[in-house]
Amino acid sequence: MSEPHIERPVDRSKLQVSDEVAIQIENMNKWYGQFHVLRDVNLTVNRGERIVIAGPSGSGKSTLIRCINRLEEHQSGKIIVDGTELTSDLKNIDKVRSEVGMVFQHFNLFPHLTILENCTLAPIWVRKVPKKEAEETAMHFLEKVKIPEQAHKYPGMLSGGQQQRVAIARSLCMRPRIMLFDEPTSALDPEMIKEVLDTMIELAEEGMTMLCVTHEMGFAQAVANRVIFMADGQIIEQNNPFDFFNNPQSERTKQFLSQILGH
Amino acid sequence: MSEPHIERPVDRSKLQVSDEVAIQIENMNKWYGQFHVLRDVNLTVNRGERIVIAGPSGSGKSTLIRCINRLEEHQSGKIIVDGTELTSDLKNIDKVRSEVGMVFQHFNLFPHLTILENCTLAPIWVRKVPKKEAEETAMHFLEKVKIPEQAHKYPGMLSGGQQQRVAIARSLCMRPRIMLFDEPTSALDPEMIKEVLDTMIELAEEGMTMLCVTHEMGFAQAVANRVIFMADGQIIEQNNPFDFFNNPQSERTKQFLSQILGH
Amino acid sequence: MSDTSHSAVFVRKTMLPPEPAPARQTGLSKWVRENLFSSWLNTILTLAGIAVIWGLASHFYPWFRHGVWNAASLPECRQIIAARWGEGATGACWAVIHARWTQFIFGFYPPELFWRPVLTFGLMLVAVAPVLFTQLPRGMLKFSVVFPLLAIWLLWGGSIWPVVMIAAGFAVGYLVARILAHWGMILAILGAVVAAVLFWIFVPGPVDEILGRVAPIALEPVASRQFGGFLLAITLGAGGIAMSLPLGILLALGRQSDMFLIKTFSVMFIEFIRGVPLITLLFVASLLLNYFLPPGTNFDIILRVMILVTLFSAAYIAEVIRGGLAALPRGQYEAADALGLDYWKAQRLVILPQALKISIPGIVSTFIGMFKDTTLVTFVGLFEPLKSIPDSIRADISWKGTYWEHFIFVGAIFFILNFSMSRYSMYLERKLKRDHR
Amino acid sequence: TTLEDVKARGVLNCGVNTGLVGFAAPDANGNWSGFDVALCKAVAAAVLGDPSKVKYVPTTGQTRFTALTSGEVDMLARNSTWTFSRDTDLKMDFAGVNYYDGQGFMVRKDSGITSAKELDGASVCIQTGTTTEMNLADYFKSNNMTYQPIAVDSNAEGEQQYLAGACDAYTTDASGLAATRAAYADPENHIILPEIISKEPLGPAVRHGDSQWGDIVRWTLFALIAAEEYGVTSANIDELAKGTENPEINRLLGVEGDLGPMTGLEKDWAVKAIKAGGNYGEIFAATIGESTPIGLARGLNAQWTQGGLMYAPPFR
Amino acid sequence: MTSASDAPDRGFRLSQLIYDTRYRSLTIQVITLIVVMGAAGWLVDNTIQNLRVLGKDFNFGFLDNRAGYDIAQYLIPYTNDDTHARAMLVGLLNTIWVSLLGCATATVIGIFVGVLRLSKNWLVARLMTVYVETFRNVPVLLWILVAMAVLTEITPAPNAYKVNPATGEASASMILDSIAFTNRYTAIPSVSFERSLGVIDTALAPVSLNVLAIVLVLAGAIWVNRRLLAHASAVQDATGARPVTWWKSLLILLGPLALLLAALGFQLHGPTLKGFNFTGGTNVSNAFVALWAGLSLYTGAFIAEIVRAGILAISKGQTEAAFALGLRPGKTMRLVILPQALRVIVPPLISQFLNLTKNSSLAIAVGYMDLRGTLGGITLNQTGRELEAILLMMLIYLAISLVISGVMNLYNHKVRLKER
């Protein structure tokens, strides 16, 4: 049952996709022990694409996007991010991680640091940016997610929606070229979902390449240029949002959509 | 944003108000430390009245009704419930509490007791009713709130809506003449709100004097004979529901209504 | 719009079946590689671990293997070992345990009466079971309530009537409390205490005598001095915990109270007890209690130690229960208030049942700590199993010179008991966490 | 009074050591035996007529005196040295001496030491909380020597440390040393040095202020000693109790005179006391004498007639 | 403004004491006060009477008398001619000393084991579990006794280091010619200085100016080093790159100290066997080592659990978030995990320190003369002043505990997570 959290009209003309390939996944397989979570996944994402990944619980959505910045290791196949192939080579991993930002379902802010420190930690220690500069960048992105006034508070003092926006800002401070979202709104109260989605839409309008696992179908329809449906660790169907929702091809997809949209 | 949770037609003819005064509050003030929560509150409630209290968060609604059964102490002014003035005299407090039932936002059922035991605890230990009789009464009220079959389960096994109805039954078992509700539905999922409101409507139809803090404006319109609007610890406006919603007088009220009704 | 043009439409026609993981992902070799030799650091650690195990085993195994179970004295043990394994071989002389194990377990309790402590501890398990396992019928709790007095009678023996009189005193107090409850709980408690004490002072003497003559039900009395070994340790530990529960609850409530004096006294008591080592309190029991009581009062050292052990564990139990009280949401207090329950009724019917349940793991841990600490009574001359009993056994010329055997035997028993209890309390903690979600 | 208490109670509370070979130790069944224990039995027999009516209260070096002064025990038969301050300041009365002891040193033979004077710089094992600690300090001080004290908590501990070589010498009362040495697998490899550095009269103690009770304990001890002097043994006592030529024996055994009732006891109190475990010599021989594994010679503890210090005042 | 409570001015009725919430708590408190005071008075009165019956008084004068006994290990000069008060002080310092060392070692063991228990290495993790469970579930007294027994049984006597004239060899040899383990003590080198800056006599103990100078230089070096690190942070803030500092730190910390020691003519004296025992060095008694080892190993097992729980309490999400931001595991540990884990770890850690300190009173079991062994042991026994000695001893332990828990509360207050 998705309520219409998207109110703000999205200017689709701003959403441009280039021909450059941002992420390329070829015949990728992953096992947890004996359990085959991801089966022969193939996916090419161009720069500027906004991809929404949907599918029933346990279908491997999270695992897929966590493989993209190597929070999980894949066992066969290739993952190439921005021209860098993910192997066990630490340098490549570092490179990919500095290009790819990630936002988690439970925010995972660092509770012992202020909002500002959360945002400057990685730039200072990974990118070796001077503190002053890092703070300026951080304030810039905090303004963008509309909470500059909270900069000196601790995460525990913020509402869930505010925390998730800080998490987005924290990722942005590393100036990633690709953003991964893993159900960024599913731990939030309804009122707060909107503010987070608004932030994400803005990001999309600025041309950020995004992969987003979400159940917010309104968001998918408004922003995504492709919806990918996964089940049992495989990509079952992908299509543009209009066709995906109005004219699903596979049985699994239809069944899933009927459940989720309450038809 | 109130969805239409009230479906059942309310027989307004049943709703009678007598001339007898049930609660009288005169120039009541309350402070938390230095913070003046309730300012000079005056309110007279007649027997059989159904009063809905609305207002923004932090305006002192909860505090007001908690003063009525002395869960909070007031510092000046008078509160007279059913002819008994609330002072620091324990006997009076006991008397008032046995006349006044209260239902909380988070149900506050006793998790270590079965539903039936929850309902018989106070009658047995406070009213000294024989166990058998107490159990009969309890079953009577559990039937009334439509969950007699759950009597021997523990609260943790029930849904939120069922728990709240048990909480109402538990209060009723003490045969109160006045019922206080503090946002009884705001911790519930939408589907469950209806069943609780139905129970409350039934109560109203039976002539129970009710004070209800709620954001369910549908309920207010259908059942209340007076709506009180509070802000900053003061009663800003009170009126019958029709005029209150369609013709609010003060700016604060208008503003509040526009927010809450999403106009 | 360049927006959707790019996206390739894809529909999977055939579902892929799950495939087995590649070979290097499975099997023993993978396990060994991942768990023992995943990096050079891990390899070093593994080798070091193996070296430690080998070192210990090669050192101690022969000693164990050469162990002798049947001998009359240590020299005889040595002879047997020398005869069997050659001159210079060392070995354990388990014969000392074999010969004296009853002393480790029962101290100097008369052997023909061993059935009594055994029965008592069997019954203790029955009494404790309904507290620990909530699935069991609640009716069993009645037995748990009666058990302490039954245990006293079984362990110490003597006429049953004094014990019955103690129980009767409680009953009288309870009745008085019921009657006075009408006028308020403080009065009821005061009245109950006074009534019970008066009862105990005046009634038992004559009544015991008469009843003792009319119905002489008695067990052979056993003096406290004859208690020793694990019997003493368990009696002190379990008795201390059981007796400290009521006091601990009161202290916990006192510490939570908003009445300044009551809170202050509770805090002072708790912090004082927790701030000094148990051994100093045992000294108080053995050396100072006589100063603090009226001249001429003099009672059993075990009882005195028990009193101080009770005070000691009460302070710790109070802290455990305070944690349980703090874990309850405020709403429970408010709901009880709103229903018109007064403070004591709310505590008894609503708050404590829940708080105590949450506290059980903590209480079990406190008990483990207590049980270990009972070994300290060796310093006041009681025969606890770890030091006093071995020392007294070594005072026998035949067993002079046996050390490790005692340590290992006693340590093993402590380990088995405590380990199983701590596992239980962990299980309980996990279960509570699940229940409370 | 204590006597009344004991009679009313029907049992004598006797403070003993928690375990000292030969002097007081429980066996596997918890029956106590030993030289000190025999004295408890004799007193119980004298007062209550039954040597088994004793409750043994094991006391540590720390708790023994308090146990007595607080009334927990009626008498202390626990190798405690009779000193001035204990007799006065600690509010106890020593009722006599049942063993004349002195502090000595035991060393291993292969250390080549033959005199305590050669112990300069040695590590010495010593039980804490005893007078021996003070004596040791004084002895080394007066001989201008240094030492390293290695404190141990109990005799068992001390033996272990000494055997393991943790100390060059073990010091305690000579009786204890002999008992300890006797129990070793190789007694011949240990020697007890000739120097006795202190006087350690060990004896039973009672609470200060109850002289009647003190008399009873004192004279029970003397009765045992006198019995040996006069040749009264557990074998011939029944015979002698019928009456003898010797008026002293007759008075002792209650055949003549009223010595018992003077202290509130029966006439035949001494007979019972002696029958409990024999006379002093018999007790000595049975518990710590040369025929036992402990193998102590009578030495100072021989009768005065044999050149020892055991001397009972006249029974008259 | 009229107050609601005093509006019905019907005068004071006795029943208000019980039924009026304002007076009720007062009533209860007064009753409690009376009961507590009564009980206290009763105890004190009994004590006075008992003292009179026994003919004793309550008097701490005995502390000024000559102690007359020797103590094997003392941190301040002590002979048997000193007073009981000084013996008590020696004991107290011994208590504090073994507690301090014990806490430090237990913490090291605990961190080490706690981290290894979480290791991916199956064997090591199991071994550590076995260690933790064995030590936690058996009384600490047993571990102290076992440590003592191990020390006395497996180490050679000092004369084993003597060259046997028959074979021309010693059956045991010193480590590096300077450390000798024996079954009574461990002999380690002692230090001395050729040149002395003088000695100040304080009431407690003479303080060598050399030591003072070393302490000052060390403190200074630490201060300079902190400045250096602060400067490094400043540079990092300004430019983004953190300058390499470890060799500078090393130089600052060790350089001046080495110079000072050289100037003072620092010397190490290896222990040499003379007569029965080693002399010339410092002999650390086995009683101390056994107590230290027993307490550390026992408490270490508890601390290991605390450390493990602390690390586990930090959710996996924190690590993942840090990784996703590009932080390497080392920095993740230092910047994200540890600061959070510490908040969880420190409070129970301190209460373990408290336990260790209290457990150090078991010293008597191995004959280490701590506060309990001196004041509560020999002094008590020789003077017969049990009332005074035990009360004094309890007060001292209480003071130590209060200081430790005070420190804990301060820390807790400082690092509490800010929440709504």
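By letter and in written order, the chains are A, B, C, D and E; residue numbering begins at 1 in each of them.
In this section, contacts are C-beta pairs under 8 Å (C-beta built on N, C-alpha and C of every residue); 3 or more make two chains touch, one makes a residue touch a chain.
Remember, predicted model here, so these are calculated numbers, not experimental data.
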| item | value |
| --- | --- |
| Where chain A and chain D overlap in contact partners, by chain label | C, E |
| Superposition rotation for chain A onto chain B, Cα-based, multiple of 5° | 160 |
| Identity of the chain that, by mean CA position, is farthest from chain A | D |
| Higher-contact pair (C-beta pairs counted), A-C versus A-E | A-E |
| Furthest chain, CA centroid comparison against chain B | D |
| Chain ID, smallest distance between chain and overall C-alpha centroids | C |
| Gap in Å, rounded to a whole number, between the CA centres of chain E and chain D | 43 |
| Geometric centre distance via CA averages, chain E-chain C, whole Å | 28 |
| Gap in Å, rounded to a whole number, between the CA centres of chain C and chain B | 48 |
| Length of the line joining the C-alpha centres of chain B and chain E, rounded to whole Å | 58 |
| Two or more partner chains touched - positions in chain D | 62, 66, 157, 160 |
| Residues within chain A bordering two or more other chains | none |
| Multi-partner residues of chain E (at least 2 other chains) | 18, 149, 364-365, 386 |
| Inter-chain touch pairs (all) | A-C, A-E, B-C, B-E, C-D, C-E, D-E |
| In the complex with chain E, residue positions of chain D that touch it | 61-62, 65-66, 69, 85-86, 89-91, 111, 119-123, 128-130, 133-134, 136-138, 141, 147-153, 157, 160-161, 164-168, 208 |
| Partner chain D, residues of chain E touching it in the complex | 54-56, 68-72, 80, 149, 152-153, 156-157, 159, 183-185, 274-277, 279, 283, 285-287, 364-369, 373, 377-378, 380-382, 384, 386 |
| Chain A partner contacts - residues on chain E that touch it in the complex | 236-242, 315, 317-318, 320-328, 331, 335-336, 339-340, 343, 417-420 |
| Residues of chain C that touch chain D when the two form their complex | 75, 78, 99-100, 102-103, 107-111, 223, 225-226, 283, 286-287, 290, 296, 298, 301, 379-381, 383, 388, 390-392, 394-397, 400-401, 403 |
| Interface residues, chain E side, partner chain B - complex | 1-5, 7-8, 16, 18-22, 24 |
